């Protein structure tokens, strides 16, 4: 007979669930609101979402304090794991989401914002991501991942046009395949360790001295394939440009940041110990993966004709750049990962918001996508501020100092240097140069070409105060990043180091 | 002729491969979704087997959640298919190439 | 011996069924074959002592999933022969076979480990469902709840996506058209109320 | 105020540029001149307050920026950077004052003011990352100037300029990170402070690799053969003001960086690479002079001549003795003045005729005598006639390098011949002979605006040629400390021997002591 | 005395700047007057200084620092000593004369003001050159005169040939200047200073090889300025400039700067007699070589220019053989009579409306009496007839050659003396005697302004009597220069030599008169003589300009074009673009991977997985193999 299990409530550390629960409650409350009174304006839902996210953030910041005092907090039979990187990544997730959600307040009406469910799904998705990062249990990772993904597929499709359905279906199908990979990889890990918790797997593998190296490698192969999909590493990246193009610019910007950081954290948990245990194969694979992802994505970005697709490829390249941190595996590198991503989120969200601002509903004759380069030509003459903002984000993405991403870049490259990855550091640097070309291309269009006749009325169609505010926030974050870097760096280092990465 | 874990793993691998072939081969989206189910099921067998051979319940747990996930995926996937079908009248993925390059 | 026979039998059956699922050009065959395959898989679960899982497999897959697919098929009208354009069919098989061979090449080697411990051991004399329940509602309570959320998400997603509101796309309509549409629905509602 | 004069110098123009957005289009020129004028006088004040007898850094400022990664806001100048800063403010003033551009003047002036910030920043930075920030940032305004106001190939030219330089400097950035890492290994703290780095003695093989990394960044900027091909395009397409600033200041960033980074940080590597670089410099000198001779476009002649002169600067820098390095630093100033003036002059004729082909001109000396005179003076300065500013630099650079190699200096000295060839033939084509084209007969001579820009340059070119001491002395003192530092840090016997030791009497009778 | 030094030095500069002020304005005589007056002041100051130096003093001032860095210290220092004062006198006398003369000569030229600006600037540079107390200062003057020479040769810049000649002169000088610069570098790095006094004191302690190199490189500099073979072609072409310029720059002063340098650096050349021999040999060669070209030339000014070249050869012979004072003496004497000759030629040109071919003149003595007398006397002086200046200086050089036992050189110089007499009087005969061929061309010649002739008269006087100052001069300069006296040991030989030489020269003159005094036609290239190989060789200046054109100029231009079009654009730049294009093309060619088809996207994922698996298997197999 089974013994009854006695669990003290205190040992459960229910508080570890608080941040996610806030998001879930928020989502449910919106469903309820809609039930009570339908047809409410989207601004209400935006604000409610914002409110809950704020609470969520507050809870996380509070956790941050706790973490700094007491270290990692485990909860619910050690399923929940609130360590430094979990808190950090959740903060980035929630903060990124807070920057995203006001983008719903466009001056034009788009289909998805007509649904209260949209906002509800959005909060569920955030909860999913939060679960995903706040555990080292492969099962919860999987469930959280799927919760978030399923919500995300729906959010994409809700944009309600042919391309967005196509994007959603593509994303979904490939996601299903990736889920299969993940399950299979987890299965093999379970087979050789008898556990589905990463730290235990690590311990057992180490105790076995990696005697089942073949199994480990097979498992890692499947896991790389699964996370390669999530982090859009070449050749698992193929969904990225299509999905970005198909979804609204705002959501595309969001996708380039939040899901990826969640993926990075899991990848860190999963691969870091292998890298440290001297699994040469993984180092080689990651090395190749990082280099190929960075370079190939850059090269493809060069030939794009649509700005959003270009930014999609550029996001892939940035993700590849950051993947290097996992390969390098030092505290400095992992700190760099978070720093980079925090800075990247401001800049990239700003860039995508600029696209969102410029979104027009009907394509003009001869226009094949939402944001062709030609649309931006001569923008400095018609809308200097907008052009300068966009130029700013492009420069930051290209890594021109003193704008945000530069600091992330030098820190990342610096960590590669100090870990002895000289060649990698060089490749990272040179890739930034290649990337310079396509960012510059947009600047060239905006600042050096004559405005297109007939487009005038279509610029800034979608602008509204809230969008402009977001752009302003992103711009300020991008320009004055230099002053934020030091505090960020200190906090992140503390969090990362104390989490053992 | 004792059936060992290896047998199950091999079986799982073979089924997974069949699933992969299906995923790659199918152009009809609905049938493609079938193949993704096969992938997950293949894994489930292995999980159950491992669970059995090492006497641990976690594997069964994993399998259980995988089934839940598969079910949810079907719901969302079908939903997506329905809107796509309503909009285009096709569920052939060769028709879905408006974005490329 | 019985176990071996059962294993090989069901293995053969599942493989055949799934092969039919992925190879046939008749959607209905595929559906049927898959349903059969699912049931055969549940047989493995029973063999392996995972009774609960076996039951779930049958209920969820054959009961829910397959039913959904069947509805889907009806909706899409794909009961007829499905014409699929094949591009480079060889490559598909080569890749699939290669994947299988690679994995098999590794997994044929036995797992050598002295450190595997059952964290949640299957105890003799305890019913499988009972044991599963025990673990599920302690250790895996959080994932379980998250799974609930996930199902909720899936439900909302399904409803929203398949809903009538998706038929007209605000994204594609000009602002004036939306205004007109709203105006007409309001009059509809008013008329309905009166 | 004196404590923060450098910050003031850097950020005043940027702030003024921001405010400039508010100023109306028709008043922006006066605004620009006022701002640039104030900035110029500030820089003159800097000179006034500068103590030429002190060889180290002056007006130091420090503020933490990213202390966790060793990045701090460190500023300071010595004799080497002082005059390039003054040159930058000077040229911005002159550039704005003599601006003839009519399209979107406001954007242009705001861009120029931003550019001024980056230029001053580069030369005042004492932290490698702060240096790098301004170094990269300077590309952006220049990109815009070339790309928005340039000729028909402007986009190609500007993008090429940007990407080429950008790629090079990224490699340099990796070098900087390595340097900081080595510092970290040695001391346990991160630091990007150049003065801190000076204290670090690296093993020779490290030095060589780092030298190469830095070299790539600098060489593209200079630009050194074979990385020079962006320059003719940039100059060819850029508007006058762009070429002026590019030639006068931006190119100097590369050569300045050699003196600031490569020499004191890697003394052994500098000696190791001295001859290869000297050979590249000689190729630059002779080869680009030949290419300049073959040009049909007068602006391209000046552009290639810039490369050729930069070769002499490089040669002087790698003389690794006080004479050569002082000479090369002086030549940076000199070349700035002269090539800046030449580009302004080319701009004058371009404004009138909208062509730069020499075949379109001829006989201008009789139509535009004033113009021809000033062009002639500047050409002779460029050719390196004694008592003009260039001669001092060229003479000292070559003199310095002669200590290291006779044959190479002899070859490099061909500069004075080939330089005369392309310059004189270009002058002959454009200014001498009969006025053959109808359009040229009615050309107006220099007007007041243009004279305002050119006359000060002529005065400077001759004044510093006759009496270079006020500039040369501070340079000399700072260079001496650099050379001494190099000698002290050098490890290999060859380096010890090649880099003179200034603290001991070296057997040569110094006339200065005798007097 | 320093005041006089500064006046002597800066008065010309003041004149130049004054004239430059009016550079853009229409012609005003004022500039001419002011510039001439200032030059006269300079001359007077030089005379005062001469007087002062004669009493055994020297003046040495340091104006200010020029360059000081490291151990290098170069001041603007000026010295008036026995050598420089001689040069100052020569320069100021000739230039004053030329200035005054030019007021008339350039009377009708639009660029009158500009001309005086350049001319005075030239004098200033020349003064810097001769007065500097260090090699760097000398180099300033050296380049400065080059610049002014460029400006003055190309004075009529509308003329293609003038500007071409100007550039040629400048560039050829630059080639030589490089040598000089290297010499200066050598001095600096071996001595540590560029001051004459320090250098000359230290030079004896240097290894002889180093001194040799210094000597060679400095001499290369001298070769350019003094137009010695092979850098001689520019001098004849430089005759494109206005004639007063030719008189001042290309006869009297600038071209003798090379000789001055060798004389000034005598302590160096004393140490290296081998180089001296080389200099002397080259000088002798040039003397003959130039004289030979003068024989057939049909350009009045070029003939005089070749003669100058030839005389410079003489000077280098003297300097090379260590007879520095003799060289300097000949320099001085030559300056007077050659300037006179040029100015006379200028009068003729004026009269003949810039016609230069003496064959188109003839019989001009009737209309241009003054000029006729002056040119004849100058030619006599040039030929070295007693008691004119040329006799004293030139015969001395012959003696030096003889005494130093360089008989080959002696013979060559003797022969050249004959040739000199021949071509000088060929010129005089063709211009002033015989039929009035100019009438064929409808020219009405007239004598030059009176004041021009008056201005020339000091030169005439000096050309006649300069020889009388020989001993005074000698006493003066031996303070600084080696005081070797050159006397043929036997009285007998001396007289034979002197009288023989005189007879030889007179014979040459008579021959020239006989042949050309009654010339009646203008040669048209059909006569037998004109088709002889020798004639053609000389007429084409030994094909050297053509050789330079074909071997240096054209290939250089061609090479430059190749460097630009082929190397720079097609290799260097194309490589850069090719790298960029390769990256871009890779993108273009591989973007089809993303063909938008879900099926292939899924396949790519599986491909990725299979590759990973394959690598995993390979690694495992390898690992096990190694492990086992």
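By written order: A, B, C, D and E. Residues from 1 in each chain.
Everything below uses one rule, namely that contacts are C-beta pairs under 8 Å (C-beta built on N, C-alpha and C of every residue); 3 or more make two chains touch, one makes a residue touch a chain.
Small disclaimer: the values here were computed from a predicted structure and weren't measured.
Undergrad: Moving only between chains that touch, what is the shortest number of steps from chain A to chain C?
TA: The distance in steps between these two chains is 1.
Undergrad: Touching chain A and chain B alike: which chains?
TA: A chain counts here if it touches both chain A and chain B, which gives C, E.
Undergrad: Specify the chain with the shortest distance from its C-alpha centroid to the centroid of every protein C-alpha atom present.
TA: Chain D is the most central one.
Undergrad: Hey, which pair has more contacts between C-betas, B-E or D-E?
TA: Counting C-beta pairs in contact for B-E and D-E gives the edge to D-E.
Undergrad: Which integer distance in Å separates the CA centroid of chain A from that of chain D?
TA: Taking the average C-alpha coordinate of chain A and of chain D, the gap between them is 44 Å.
Undergrad: Just give me the whole-number Å value for how far the CA centre of chain C lies from that of chain D.
TA: 69
Undergrad: Taking the mean of the C-alpha atoms as each chain's centre, how many Å separate chain B from chain C?
TA: That pair's centroid distance is 6 Å.
Undergrad: Compute the distance, rounded to whole Å, between the mean C-alpha positions of chain B and chain D.
TA: 65
Undergrad: Two or more other chains in contact with one residue: find those residues in chain D.
TA: 163
Undergrad: Residues of chain C that touch two or more other chains: which are they?
TA: 92, 95-96, 99, 102-103, 106-107, 111, 116, 118-119, 131, 139-140, 143, 147, 150, 153-154, 157, 160-161, 166
Undergrad: Using the touch rule from the top of the page, what residues of chain B touch 2 or more other chains?
TA: Those would be 5, 9, 16, 19-20, 23-24, 26-27, 33, 54, 56, 58, 61, 65, 68-69, 72-73, 76, 79-81, 83, 93-94, 96, 98-101.
Undergrad: Mind listing each pair of touching chains for me?
TA: A-B, A-C, A-D, A-E, B-C, B-E, C-E, D-E
Undergrad: Which chain C residues qualify as touching chain B in the complex?
TA: 1, 3-4, 7, 11, 14-15, 18-19, 21-23, 27, 30-31, 34, 37-38, 41, 44-45, 48-50, 52-53, 56-57, 60-61, 64-65, 68-69, 72-73, 75-76, 78, 82, 84-86, 89, 92-93, 95-97, 99-100, 103-104, 107-108, 110-111, 116, 118-122, 128, 131-132, 135-136, 139-140, 143, 147, 150-151, 153-155, 157-162, 166-167
Undergrad: Mind listing the chain E positions that touch chain A in their complex?
TA: 580, 583-584, 586-588, 590-591, 593-594, 596, 598, 600-602, 604-609, 612-613, 615-617, 619-620, 623
Undergrad: Quick one: which bits of chain E touch chain D in the complex? Just the residue numbers, please.
TA: On the chain E side, the touching residues are 23-24, 64-73, 136, 139-140, 143-144, 147, 150, 154, 157-158, 160, 163-164, 166-167, 170-171, 174-175, 177-178, 181-182, 184-186, 188-189, 192-193, 195, 198, 556-557, 559-561, 563-565, 567-568, 572-573, 575-576, 580.
Undergrad: Spell out the residues on chain D that touch chain A in their complex, using ranges where they run on.
TA: Against chain A, chain D makes touches at 64-69, 104, 107, 129, 132-133, 136-137, 139-140, 143-144, 147-148, 154-155, 158-159, 162-163, 166-167, 170-171, 173-174, 177-178, 180-181, 184.
Undergrad: With touch defined as at the start, can you tell me which chain C residues reach chain A in the complex?
TA: Residues 102-103, 106-107, 109, 111-119, 123, 125-126, 130-131, 134, 138-143, 146-147, 149-150, 152-154, 156-157, 160-161, 165-166, 169-175, 178 of chain C touch chain A in their complex.
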